[in-house]
Amino acid sequence: MAELTMVQAINLALRQEMKRDPTVVLIGEDIGVDGGIFRVTDGLLKEYGPERVMDSPLAESGIIGFSIGMAISGLKPVAEMQFSGFSYFAFHQLEGHAARMRWRSQGRYHLPMVVRMPQGAGVRALEHHSESREAYYGHTPGLKMVMPSTPRNARALLLSAIRDPDPVIFLEPTANYRAFREEMPEEEETIPIGESKIVREGSDLTMITYGTMARRTLEAAERLREEDGIEAEVIDLLTISPLDDKKFIESARKTGRVVIVHEAPQTFGPGGEIVARLVEQAFLHLEAPIKRVNGYDIIVPYFAREQAYLPDAERIVRGAREVLRF
Amino acid sequence: MPKKAIKIPVKLDYLSILNEHGKLDRKLEPKLSKELLRTMHEKMLLARRFDERMFSLQRQGRLGTFAPVKGQEAAQIGAVAALSDSDWIVPAFREIAAYVWRDLPLEGLLLYNAGYNEGGRLPDDAHFLPIAIPVGSQMLHAAGLAYGLKLQKKNEITMTFFGDGATSEGDFHEAMNFAMVYACPVVFICQNNHYAISVPRAKQTTSRTLAQKAFAYDMPCMQVDGNDVLAVYVAAKEAVERARTRHIPTLIECVTYRLSVHTTVDDPSKYRPQEEVKQWEKRDPIPRFQRYLKSKQILSDADVKKTEERVEQTIAKAVEAWQGQMARLTDPSVMFEHLYAEMPPSLQAQREAFRKEWVERTDEAANG
Amino acid sequence: MPKKAIKIPVKLDYLSILNEHGKLDRKLEPKLSKELLRTMHEKMLLARRFDERMFSLQRQGRLGTFAPVKGQEAAQIGAVAALSDSDWIVPAFREIAAYVWRDLPLEGLLLYNAGYNEGGRLPDDAHFLPIAIPVGSQMLHAAGLAYGLKLQKKNEITMTFFGDGATSEGDFHEAMNFAMVYACPVVFICQNNHYAISVPRAKQTTSRTLAQKAFAYDMPCMQVDGNDVLAVYVAAKEAVERARTRHIPTLIECVTYRLSVHTTVDDPSKYRPQEEVKQWEKRDPIPRFQRYLKSKQILSDADVKKTEERVEQTIAKAVEAWQGQMARLTDPSVMFEHLYAEMPPSLQAQREAFRKEWVERTDEAANG
Amino acid sequence: MAELTMVQAINLALRQEMKRDPTVVLIGEDIGVDGGIFRVTDGLLKEYGPERVMDSPLAESGIIGFSIGMAISGLKPVAEMQFSGFSYFAFHQLEGHAARMRWRSQGRYHLPMVVRMPQGAGVRALEHHSESREAYYGHTPGLKMVMPSTPRNARALLLSAIRDPDPVIFLEPTANYRAFREEMPEEEETIPIGESKIVREGSDLTMITYGTMARRTLEAAERLREEDGIEAEVIDLLTISPLDDKKFIESARKTGRVVIVHEAPQTFGPGGEIVARLVEQAFLHLEAPIKRVNGYDIIVPYFAREQAYLPDAERIVRGAREVLRF
């Protein structure tokens, strides 16, 4: 098939899965006539009609609560929060019901639903459009959460998410929406939820990351090879919850040195959990303190300074060198 | 072009058929079969007695906190009696009468109220959603479920219950709006029992009625005497038909009263006069309905007695079944289950660690 | 006791004084001073021209995303002109006209739209809350602020702006209810500009009007021609007085139209016909108001020209001031500020690390 | 003064501060006539009237949004969420506005408000009444968060929180509401927000905890002394955000062995951050993997099994021994 952007890849996954499975329905603000403010759902209304591609009233709790009901009826809703920063209007539905329906009913009901949320900084957007607070959802038992980093794994993860019998938060890194293209295989692919991936092999350093930061980390890894002669192993988590700790622990045991890269703020952020798992399971192999290269404990500044906020290859390289020098 | 009145076709009726003095409006009286009337009576009684039993079990420390239904049996039974068996009930947390209407296992509710998650498991064909404690939040599920049923061409509708307090939550508003926007076959039953814990209806919102909140969506609405099971039935029936045949939702406000505590940890003497409760006891839906049934020769005193006995037996059996179930529920490691279809590896590891610890501790306790 | 209608005293008027054909209803025409009318005109024009300038700056890549006000100047100016200077304005994100009404620094808005947080800082006496992007969420602030002003015996009221889409959010409902329950001196101005991004008013909610959503709280309400600045003023004035003297909130629906894009990243051709926009261009509030002022000999063609020039100068000065400010804003480490009154130690440490890195990188870049 | 329970101590703090400062107002569901469902605000309506002790409609977002407005007007609202499990109805107001108003207005407005929330398991309550998800708020820049463990520090922290110029989440461990009493000094006390406290000195092991778990950890420390001859240093965080890492890092450098105890679920939970800080700042002193004794990654089971969920002294002792044996 052609080379696609992530927006196109997600659109393709939705289109193909809606065709394959008539119970898949979409709901969200501006997803129909407008095709989504990022055009992710472009053309789907025309193809599947307003009963399955539902432009919704402006109400996030409504979207999620309604989707929960639809999921109970036997549909597979894919709900869109226009930005993850507005998903907090629905936080009580996500924490209080989406995460709990299977548990509360002891298996009688389950919710095969996906909640898509664009997230992260880097596209010169307005306030509330740039934060990365995936830790909120990661810390919510009953939810799963994935975050693709490329067009191809976005498509594959979305298929897995839609087919998963439980609610999956599907985070879409807006900075990667159109940043690059990737060859898309004709046949459909899935990626098992709960499995991370080694995207670069190496034995000197372990770099753990996901989402937008995956590319920047790979860039940093290349620089480390060129400039320092260091071979870093880069692990793209892909799934944030449930967290696949096997691969990064194994890698850390091998390299003894670890850098964690994410764009979310540091304190009580995702990196802490990864550090804790490493300390619990690779303690004796650690040759240096684990370095967290991540967002600061602030709200993402307006766009003139968002790149100052975001870890970039240079900042990651510096973090890595700290670990390597130790 | 000048200042001119806009005609918004609002319409709000109050319906009462059998009033608190036993006076019946024959023109409005629904023509129900004796069998249905007797079942409605028996279920109301079962709800009342089961509620009382749970209350005393709670006072004995054998159950935890729960929300008694006492006084609201007509509002619930009248409403659900208008449903077909395959229609869906989406409760809040006080729908004990709706629960018994559907012959759901009483021992399940006992188990739930005794603090066991297993009590939340209902039979597969129940079409009854689990208890929803976050106030107002379940109405959206009812709307979405109704839409899904419609889309899949099932001839089923949904009916959801909530209180006067729930109408203040944003989710109430969103659910009402979504239900209309997507033409969902759903019936919204607001049990206005005059209090949200301690907050009286009058302080909850300034509107004269709760039913009129439907005006904001041009949704049909009605206010009924919620202690008049016939009126509730008639209003619900109309709404159910409207939902089923025309996919139009309805808001029904049942004006009723919570005769008991908010929950078993509540002390109503802090916030309402005993005198008020006394007034409402005179409007108790059960004696009122019994007088009606007797006057129509549908129920004799002997029938009532027999019904009471049957109800007593049903409850006794449930209590026994519940005790048996509790005795078998000794493994706390089940708390790790039902979070996901498949337990993730790290959760499995936590469960293993817990089990190991549990066994060791049990052994140590046994050995001294 | 039978089925009987409940009288809910709902009342909803539509107000229009100066219609799109320039026809004036003299009975309803407010008696405003020439000075006020000229100021209203000048501010509407300033809002329009400033909006246009920002649009072109955005298209040149010098500003980021923003939400143009074009077409809604009358709805905003008519409303805020009814306020005293010390009253509080609680905007959403499209209130450029309300902003210019208060003589707030245009360079601040430019700075904000250029992606600098410093643009969010308003003068201390502004009584104008910051831009609120989460739809519908600011109305509660307006209600609470109004209550606090009342409690502290200040004679100030609040006025909050939001769109048609915002009425779907649960927060809208909660704000309306709280405002009534606590008798808050607040005026709710809903600018129904027919779209929430791409979603047309008719799909947002099924109610015939948005104003009638006030029925749910027995709150006074009115629908006005939002492109008729006189009608908006009259409706707002009445609501302001009601709020100030009787602590009764009002919901005013201004029926208007967004003539431009939703925001500068929006493409309206996806969701609305150009024909519709054309229709609404004929109802543009500014020419309409100008015709009125001219017919009353309050404004001559020469005055309009002079006003345009003044407006142009004001904007030019603001652009210059903004450029100067931008040139001085070179230290990104300010992003660590204003989270707390005192910066916590760990945040200080992060700032130090950032600064160190920044200096090193700047040096490295300078050195090659 | 008398010995007071935590409920009484909080009530006292509110009463005295309302007297001292006429701008303090209370708002919440059932806080007035009923005196709060836990009686925390008992008597305050009578003393200060309905304008300052506001029984609110049943709407959490309303309560928080309205409080934000009141705070801007110059009042100091103390809002109650009936349970922290229902605060998610207001999460968008907390994340989207309470945490941001100072920042968004660049200092023009600030929000001297407190949000009280009963939280945690252990009182045989219903679903949604027992979770500990403080990490959500801890990971939200712009908010502060404290959690007392005893009547006396509850009173002192609440005074500090009310006087703080920024929004403070005040978590009240329901399990400690009436579990024990403490002598209350006549004069008012405050505890600086952002300072943890060493509540037991020791040099063999560092135990870091807060809230309900503080007492259980102290109990465990006593058992370790008696049964193992181990002297544990116990640190009660008191403030969770901003996190005071000085004391626990210093302690860990001394003992080399650390146990973290909290009741929140483990994954992406508060413990991870503490581990990360220790690894960053005390790496070379660590003699054993840091042990996290905390809630499991599940929803707190209904009350029949809540004690199985909760860490208790025995579980903490076992965790400590793992660390000590390493």
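A, B, C and D label the chains in the order they appear, each numbered from 1.
Following the convention adopted for this analysis, a residue touches a chain if its C-beta (ideal position, glycine included) is under 8 Å from a C-beta of that chain, and two chains touch if they have at least 3 such contacts.
In this text the structure is predicted, and so the values were computed from the model without any measurement.
Q: Could you compare the number of C-beta pairs in contact for B-D with that for A-B and name the larger?
A: Comparing B-D with A-B, the pair joined by more C-beta contacts is A-B.
Q: Among the chains here, which has the CA centroid at the largest distance from chain B's centroid?
A: With centres defined by C-alpha atoms, farthest from chain B sits C.
Q: Quick one: chain A and chain D, Cα centre-to-centre, how many Å?
A: That pair's centroid distance is 30 Å.
Q: Provide the C-alpha centroid distance between chain B and chain D, rounded to the nearest whole angstrom.
A: Spacing between the chain centres: roughly 35 Å.
Q: Please work out the Cα centroid separation of chain C and chain D, and write it as a whole number of Å.
A: 39
Q: Of all residues in chain B, which are in touch with two or more distinct other chains?
A: 117, 131, 134, 168-171, 174, 177, 181, 203-205, 339, 346-347
Q: Where in chain D do residues touch two or more other chains at once?
A: 56-57, 59, 61-62, 85-86, 89, 92, 96, 103-104, 127-128, 141-142, 242-243, 267, 297-299
Q: For chain D, which residues count as touching chain A in their complex?
A: Interface residues on the chain D side: 85-86, 88-89, 91-92, 95-96, 99-100, 103-104, 127-128, 133, 135-136, 138-142, 241-243, 264-265, 267-276, 279-280, 283, 286, 288-292, 297-299.
Q: For chain A, which residues are in contact with chain C within the complex?
A: Contacts found on chain A: 29-30, 32-35, 37, 55-59, 61-62, 85-86, 89, 124-128, 266-267, 296-299, 301-306, 308-309, 314-315, 318.
Q: So in the complex, the part of chain B that touches chain C is made up of which residues?
A: Of all residues in chain B, those touching chain C are 1-6, 8, 10-17, 19, 23, 25, 27-28, 168-174, 177, 180-181, 203-209, 211-213, 215-219, 223.
Q: Please output the residues of chain B touching chain D within their complex, sorted ascending.
A: By the definition above, chain B touches chain D via 64-65, 93, 112, 114-117, 119, 131, 133-136, 165-166, 168-171, 196-199, 203-205, 265-266, 270-271, 329, 332, 334-336, 339, 346-347, 350-351, 354, 357-358, 361.
Q: Of all residues in chain C, which touch chain D in the complex?
A: Those in contact with chain D are residues 117-118, 120-122, 124, 126, 129-132, 134, 137-149, 151-152, 154, 158, 170-171, 174-175, 177-178, 181-182, 337-341, 344-347.
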